[in-house]
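We call the chains A, B, C, D and E, going by the order they appear; numbering starts again at 1 in every chain.
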């Protein structure tokens, strides 16, 4: 039978607790350190690139003019991808949360998750082998009828491996995450508010407009931003699908396309040496900073609406 | 112009589960009818069939007839959206739209159909509805503030204002006071008294005293047992129900011997 | 794995690593397979990371031999760097792989096409944009050329093929090509494709590109104007052009760099070719000397050249060059 | 007050009977739209895709107009949105079907015993195998899991049990969320930069891939474990404390075992997420055609990199290598799906037996 | 061996909120003391200070003294873990460990404290504890089955067995029967009767009848108003409390006039 050990120096905090608590905190700190490490090591290895010359920068005179077109391409591809993905994702999310019968909704949800499970390299294969060729006639048609729109100025690509095709593949890849978040938010719309709208004589769409969309607005914005973060950083699908020249152009369907930071790294890392690698790492740092800012803002928006936060 | 309701042989299902069975009932126009009964006996379920809100639940369906002034609600040519405009509803917990101001909340239903409402007409409708819900004086200085900023009782009256702004003929209320304090409750009861001049009102309540206070007629629903469907046991003038009910079960329930 | 476990062959054991030219990758596969089959205890790793990367890694001492599509460059200090890597002795450099570069195209209804160097230059420079351009028509009398747009396809990565192709254009195109010879494609127009295979895959109807002949497959290839005749790419043509190209006599002994003559008019010669080298040190540790020597000897041997020819479609080294190369490799010794 | 209430006469006019389209109206509209588009397409010689697009447009316009004429503007809008929702779902799922079909169709031909048991060493001009890539993928992913699971789980324990509402925990939680968005190529560059400085410039080996993947995996493990730990009822912790069990033991012996099913599911899903990553491995692991089972030395093959390499740079035998790439893609997808299914099964298997 | 408890001037805080104020109380060894009072008056809070479970909640703290047989529980040298071994606790809702079998649940306290038990010792402990909790006969044939598979009342007795297996001297129970049906409740009450031979028992209950049935002494807590701290109003032998309480508030509460 145990008794209380008073006065005999039983420690207030037990050793096991002390060790374990600090161990878990160390694990938490490790994550912060790793995150900081990503920034630090990229910076350390990226700094030599500031001295790089045209030889190491594919003919660009300095790092800035080297990275700027890549940033342009990265943003262009990601924004187009979002313009395609967000409306689709909203449609899919609504079909799951408000339109499909429950059984079908579960199946659709599973299929969308499946879309997320496909590795990006496989999207790349599909983009080259299926999507690109299928789009060639579409691009030809666009170039011959709409060449007055700068986006479709042409001449149309022969292979379909354009920034637009890459954006479509990107859109598919960000669709699941945007869908997952928005559908979660739509499903959380208070049933009471939906019924309030219906009881006022709202059609289903009016109910969604009155009760569901306003409720989920900030969630939709942050889901889109998280999608943007994904699209900015996605590498292989773009590297494989895109025929990248690294130009700055609004022409979306021609053979001469902008490149993205991530694709450029993947494509040229292997045969880059010395300072050229430093330059690639420096461009990676830029990508890291961009995605960090985007994700940071998106998460900041989401966390404002999380329960328990003020 | 408020309307009477005739219900005949109504069976109400959730999927395969028969929740309420064989209801026959006549609800008088411009009066208050109270639905009482133990929890789970199907009061809410029945109420929601009167404006076709029942079918909003996946798999839910109805057999039988509901006539409003002779028009069958469940005719295939009938548009449920129109039914719900004609038969307004107030819920157990106040549910103003959280992103809208008080003003916008009142107008929400009207805006659906009448997009080009002039500012002055809109103002008039809002004032009329809020006065009708006994809320005008409390909120007239902060119409642009969010509806969620009101107290529970005020929110419930806001919901009533929202419901009457679309000018329904019938008003359904599902335990409208159960989330409210006594003072708010009595404000709502006063309001019901006034509204019945113009509206046919059907109210579900758990509170016998409230049923006795506000209603002309009372319908008592009961459950034969767990998993069995609910049934209408007795419907009579409230006075009679609370003094000499026809059925023994009603008597037992009202005197608190079960439920 | 089922294919890695047989224990036949010599008693040599060990691993050596090389890196560099991607053009040599197919040939390297054949050489490694041949040599590893004879010496099952040996693993030769080869990373086709590109000629520049190969030289750099070799200089850093990270690998044992390099393969490069261009000879070590004195101006860039590569010769000196290689020398210090090899403990103060001059590095050895011998040609191992010679392959024609084909101008490939795809055009419905046109399965034979003649082009002069200056026309090729203008096409890739974007000066000629339609297939029925007069300049093309002159070279192809009687051919029904469509009026469709030309899509020139070039390498997006740094490439020895590009270096040799631009070298050819800058020297043979009579001033139509203003850019210097470079591993990086100098223009930002046309379609960019990654690697030789990427170029091949990007040749769709209306496109034209350049690629190592070994990977051309079923694509149609253009004949280029040499003198007054038109020559289609072939191993023999490349070998002929190589024969008229002198070795660089400014180089140290053991360095068999070749000065390619792009403007030869020799009948049947195909001057648009790529000569690629292997680079090694004269001495190695005991453990590696025999393997490096053995492997590179196999590379330049008749057997090795034949294996490369059948797997990579390259031109076997001319006999004289091969003998010289073999004797240089033979000097590799243990420290 | 009464005088301001709605005047009864105003309310009289409405009828609840509106003309309505028959229930099967969308079906009719769909059939008509497809038929019209197909007819048009066949006469003008379009492909399947334009026919599909035009059919969708016909359907949207047709049904909306029909409803507009027979019903009313609001009903028409409602039908338009409903149709748009279904159309967008179809658009989203077509690529998935196309992709899966293509991978299976192209990949099945590559599958045979040799494919799974041979490497590419000494293989020229004939199909080889992907044993080296499978082993590499398994080893690298295993390394990533070995790094990520302890760190992720312990960090989750910190967030739920020790940090709770502290400022540090808030930041960790937030930055872990941010970290889920790190591009995989950046993780690869990080590992490359790290080992370039530690081991030597240009180092490529398997463990580097493990480190890179763990950057991607840790946040997933932390978040899913955190959710699972939070689901453990406070009751159980208190029951354990009340027995005189110290906190750390309560966590190890009561909380974690109770959450184990969810944690394992989360870890499995995290593995499924990173096992298909290509970009980081391309940079830090390189590629080889021989089997390399040593994580700490030499380049290591992996399935995604093999797929990428063989498809985009097949060299002089493109048919053979491209087919192998499709085969490897099929294997990779099967592995990912198997992991997803496994996650569900494990979740069931390890969940506490309630006996009900 | 069971111990008595002396509480003096105890203030209990959640962060800055003073939940219970100025409690002075003596709890007799080997007897049952019931804590009663309206919801929110701090019964649970007070109970949890008797085994230092209160401080498990972040920010929670205590001022004043709790002496168990003269030893102060809140001395800085006292290890709360040891306190909890000496003072067992049973919760409102049964909470067996879901990953453990019945057998392991009973042994959890010992096993998790690193006691190396031989198989036969362990068997003996389990049997003794389960017999002590009146559960042995019902579960002896399925000791390896999960504890969650038992009925609510059985689970609660399993939790009692788990608590007494570590051989505490005091047993705290926070509404142990409130989640149980009448038959299970009476089984637990019988058990409490038996346990008091060996243990000092403190039980919180909402059920007056239960307090009257099981306890020797009763302490009545009350709340002066919302946001005010709870206080001990009166503590007396149960007989007296339920017949002639000293305080008017006690009388009012017991006769059902409030709470």
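By definition in this document, a contact is a pair of C-beta atoms (placed from the backbone, for glycine too) under 8 Å apart; a residue touches a chain by one contact, two chains touch by 3 or more.
For reference, the UniProt names are A = Phosphate transport system permease protein; B, E = Phosphate ABC transporter ATP-binding protein; D = Phosphate transport system permease protein PstA.
What you are looking at is a predicted structure, and each value in this text was computed from that prediction instead of being measured.
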What's the minimum number of touch steps needed to get from subunit B to subunit C? 2
Of all the chains, which has the CA centre nearest the overall CA centre? D
Mind naming the chain pair that shares the most C-beta pairs in contact? A-D
Roughly how many whole angstrom separate the Cα centroids of subunit A and subunit D? 13
Find the geometric centre of each of subunit C and subunit D from their Cα atoms only, then give the gap between the two centres in Å, rounded to an integer. 42
Per the C-alpha means, the centres of subunit C and subunit E lie apart by a whole-Å value of 86
When centres are defined as mean Cα positions, the distance from subunit A to subunit C in whole Å is 40
Please list all residues of subunit B that touch 2 or more other chains. 81-82, 85, 112-113
Going by the touch rule set out above, which residues of subunit D reach two or more other chains? 74-75, 244, 246, 249, 312
Could you list the positions in subunit A whose residues touch two or more of the other chains? 2, 14, 128, 203, 206, 239, 270
Mind pulling up the subunit D residues that touch subunit C in the complex? 114, 117-119, 121-125, 128-129, 131-132, 200-202, 286-288, 290-291, 298-299, 312-316, 318
Spell out the residues on subunit E that touch subunit D in their complex, using ranges where they run on. 51, 53, 56, 58, 81-86, 88-89, 91, 93, 95, 97-99, 108-109, 112-113, 145-146, 148-150, 159, 162-163, 166
Which of the residues in subunit B end up touching subunit D in this complex? 1-2, 68, 71, 73, 75-79, 81-83, 85-86, 112-113, 127-128, 131-132, 134, 164, 167-169, 194-195, 197-198
Per the touch rule, the subunit A residues reaching subunit D in their complex are 2, 14, 16-17, 19-21, 23-32, 34-35, 37-38, 41-42, 44-45, 87-92, 94-95, 99, 108, 111-115, 117-126, 128-131, 134, 137-138, 172, 175, 179, 203-206, 208, 226, 229-230, 232-236, 239-240, 262, 265-266, 269-270, 280-281, 284, 287-288, 291-292, 294-296, 298-300, 302-303
For subunit D, which residues count as touching subunit A in their complex? 47, 49-50, 74-75, 77-78, 81-82, 84-89, 91-93, 95-96, 98-99, 102-103, 106, 150-155, 157-159, 161-163, 168-169, 171-172, 174-187, 189-190, 192-194, 196-197, 215, 218-219, 222, 244, 246-249, 251-252, 272-273, 275-279, 282-283, 304, 307-308, 311-312, 325-326, 329, 332-333, 336-337, 340
